[in-house]
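Each structure below is given as structure tokens.
In what follows, subunit A forms one complex with subunit B and a second complex with subunit C.
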Partner chain A sequence: MLTPLQPSRVRRAARWADVRHRGLGMIAYVLNRITGIGLVVYLYLHLAVLSLLAGGPGAWDPFITLARSPLFLVLDVILIAGWLINGLNGVRVTLTGFGVGVGSQKAMFVGLMVVAIAGLIVMALMVFGG
Partner chain B sequence: MNDRFEQKQTPSWGWFWQAITGIGLIVLLALHMIAHHFVVPEGIRDYAGVVEYLRTPIIVVLEVAFLVTVTSHALLGVRAILFDLGLSERSERRISQALTALGVLTVGYGLWLTWTITRQI
Partner chain C sequence: MLDIPLKVFRYKTGQAPGYDVFRVQVAETANVLDAIEAAWAQHDRTLTFRHACHHASCGSCAMRINGVERLPCITPVRDVYRGQGELLIEPLRNFPIVSDLVVDVSGFFRRMSASSLVITRTAETTLPLTADAPGDGLATQPVQIAEGLARFNRFENCVECGICISACPTMATSDKFLGPAALAGIYRARLECDDPAEKARLLELADGEHGVWRCHSGWECSAACPQNVNPAEAIMALRRDLIWHRFKKLFGR
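Let's turn to the complex of A and B:
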């Protein structure tokens, strides 16, 4: 039996999402969490959509038209942003967890986020450029 | 608690495996995206294209490896978020068991789907 969550406990647990008056490290932590939660939701949505493949071409092929619509392409770009932020921030967390670059975490975070923005622009152009 | 960069991390086995699967994902996700979307003219394969794609055994191995790695990484992340709620040791154990079961079901579903498609070959 799971311990029931008390309202005060929930408030305390949700405090991580409040980045007001917090440092850059907290912003990095919250960004990783939000993108991580979004990517888990996407993973299961993706697996659910792939179940159409079990229905053969009659079920899958009509979905392709929808997947090529501008709305889906915008969602693809949001997804790519989530991957880049979570992935590159994850590289920083992994490196520092193994003792690499601990003293230059802020610079590493800023640098990796610049790479994420550059990567996002390139990939968005690829998505919309066909 | 003002700045996470100032906090000393104490890696656990969960953190370690999430890091390892994260490193694996960089390679596997890149391969998945290139093979599934970037080299496909319209960005997504039709049914015949998916069946043709899965005709190569190494592709099936890579896709299954990707599924196992991404599921492990995602559910370890969920576990870390839930553990931050400050639950009892017993609750944490139950969460680990539930997420392990969910991971097994997820991979099982992926294997079933792959098998269902490759049967068309």
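Let's turn to the complex of A and C:
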């Protein structure tokens, strides 16, 4: 009696992030997942931080001091990077899903990521300069 | 002659999966399937792998070579082995492994038949068909196919090798997803169908959570396909048709 070998669900799910030997489409796919999960985590962190407001100035003001520290500003830039990559890549996925630009999805990804990097540089300068 | 260490995935029922290394000698012009057959012939007759045509027509030998899905029957050893390390041979992903390099493709074929495929290979139907002429057996004569019959040829650009299923990251998490090959089949079947009711049925088949909407645009199916079927483009075209269909329904057309 043959018993087929089935990898565990965790092992199979891990292939979502396996970009070895894969093309640009897969890199875009993984980037969208990583940034998407990051943005969801940020959303809950954001809500948790906002809940500090309920504690009045005594709870809020120390957080604002912390938020202006260089470490926090770096986290802000990472957040902006995630937002830009996910948003712009999302535009590409939406367009191709409507049948637009299907043949040039790789070029679209490269172009949009150039826009994302340019935007990130500008916004990073604003974060650290402002 | 090429001297190659083949690192081959092994699995037998009741045993832990692992790898065996076989050193084989093959001709400079050998394909990877020749090297695997040499390992079987020279080292281990219990090594199991699937193959038939040796020229990319049947798709049965599909496997992963150095981590990449390929048809070993048309992959020259020299293209994938540079003389260092081992040549890694593994079964396709996203299929249950039956034995060594043999995977269970029954689920894949069930999904393919669900799409009621009738696909004509354009590359072959545009060629003049010939057959041996009576007489010396060397000359050929043109074959006339009755009008309307050519479209029922079961020759396909898709050789149903399962490579797209192995390359697809979405298939890794869902066995219910129709998958790139079946969806590409549905698209082609729609293109070649004149019956509005059948076209609508095929579109409905591609709809739903396990149809085109399950695809998350990894594009790996098209990148890996050895026959340039481009399933991702077919999936996107089906989505476009579905969106257009719903849009028209919204306005009562």
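Throughout what follows, the second predicted complex is superposed on the first by the 123 of 130 C-alpha atoms of A that agree within 3 Å, B and C clash if a C-alpha of one lies under 4 Å from a C-alpha of the other, contacts with A are read in each partner's own complex, and residues count from 1 in each chain.
Note that a contact is a pair of C-beta atoms (placed from the backbone, for glycine too) under 8 Å apart; a residue touches a chain by one contact, two chains touch by 3 or more.
Source: prediction; values computed, not measured.
In the superposition on chain A, A:Gly56 makes contact with subunit B only, not with subunit C. Between subunit B and subunit C, more residues of subunit A are touched by B. Once the two complexes are overlaid on the shared chain, A:Val127 sits against subunit B while remaining clear of subunit C.
Once the two complexes are overlaid on the shared chain, A:Gln105 sits against subunit B and subunit C alike. By the touch criterion defined above, A:Val40 lies against subunit B but remains apart from subunit C after alignment on the C-alpha atoms of chain A. By the touch criterion defined above, A:Arg20 lies against subunit C but remains apart from subunit B after alignment on the C-alpha atoms of chain A. By the touch criterion stated above, A:Ala67 is placed in contact with subunit B alone, subunit C being left untouched. Looking at the shared chain after the overlay, A:Tyr29 reaches both subunit B and subunit C. Of the two partner chains, subunit B and subunit C are each touched by A:Thr96. Overlap of the subunit B and subunit C interfaces on subunit A comprises residues 2-3, 5, 9, 12-13, 16, 21-26, 28-29, 93, 96-98, 105-106. Of all residues in subunit A, those touching subunit C in their complex are 1-6, 9, 12-13, 15-16, 18, 20-26, 28-29, 93, 96-99, 102-103, 105-106. Per the touch definition, subunit B reaches subunit A in the complex via residues 1-7, 9, 11, 15, 19, 22-23, 25-26, 29, 38, 42-44, 46-48, 50, 70-71, 74-75, 77-78, 81, 84-88, 90-91, 94-95, 106, 109-110, 113, 116-117, 120. By the touch criterion given at the top, residues 2-3, 5, 9-10, 12-13, 16, 21-26, 28-29, 33, 36-37, 39-40, 43-44, 47, 50-51, 53-54, 56-57, 60-61, 64, 67-68, 83, 87, 90-91, 93-94, 96-98, 105-106, 109, 126-127, 130 of subunit A touch subunit B in their complex.
For subunit C in complex with subunit A, the residues that touch the partner chain are 11, 13-14, 17, 66-68, 93-94, 96-99, 104, 167, 169, 172-173, 216-220, 222-223, 232-233, 236-237, 239-240, 243.
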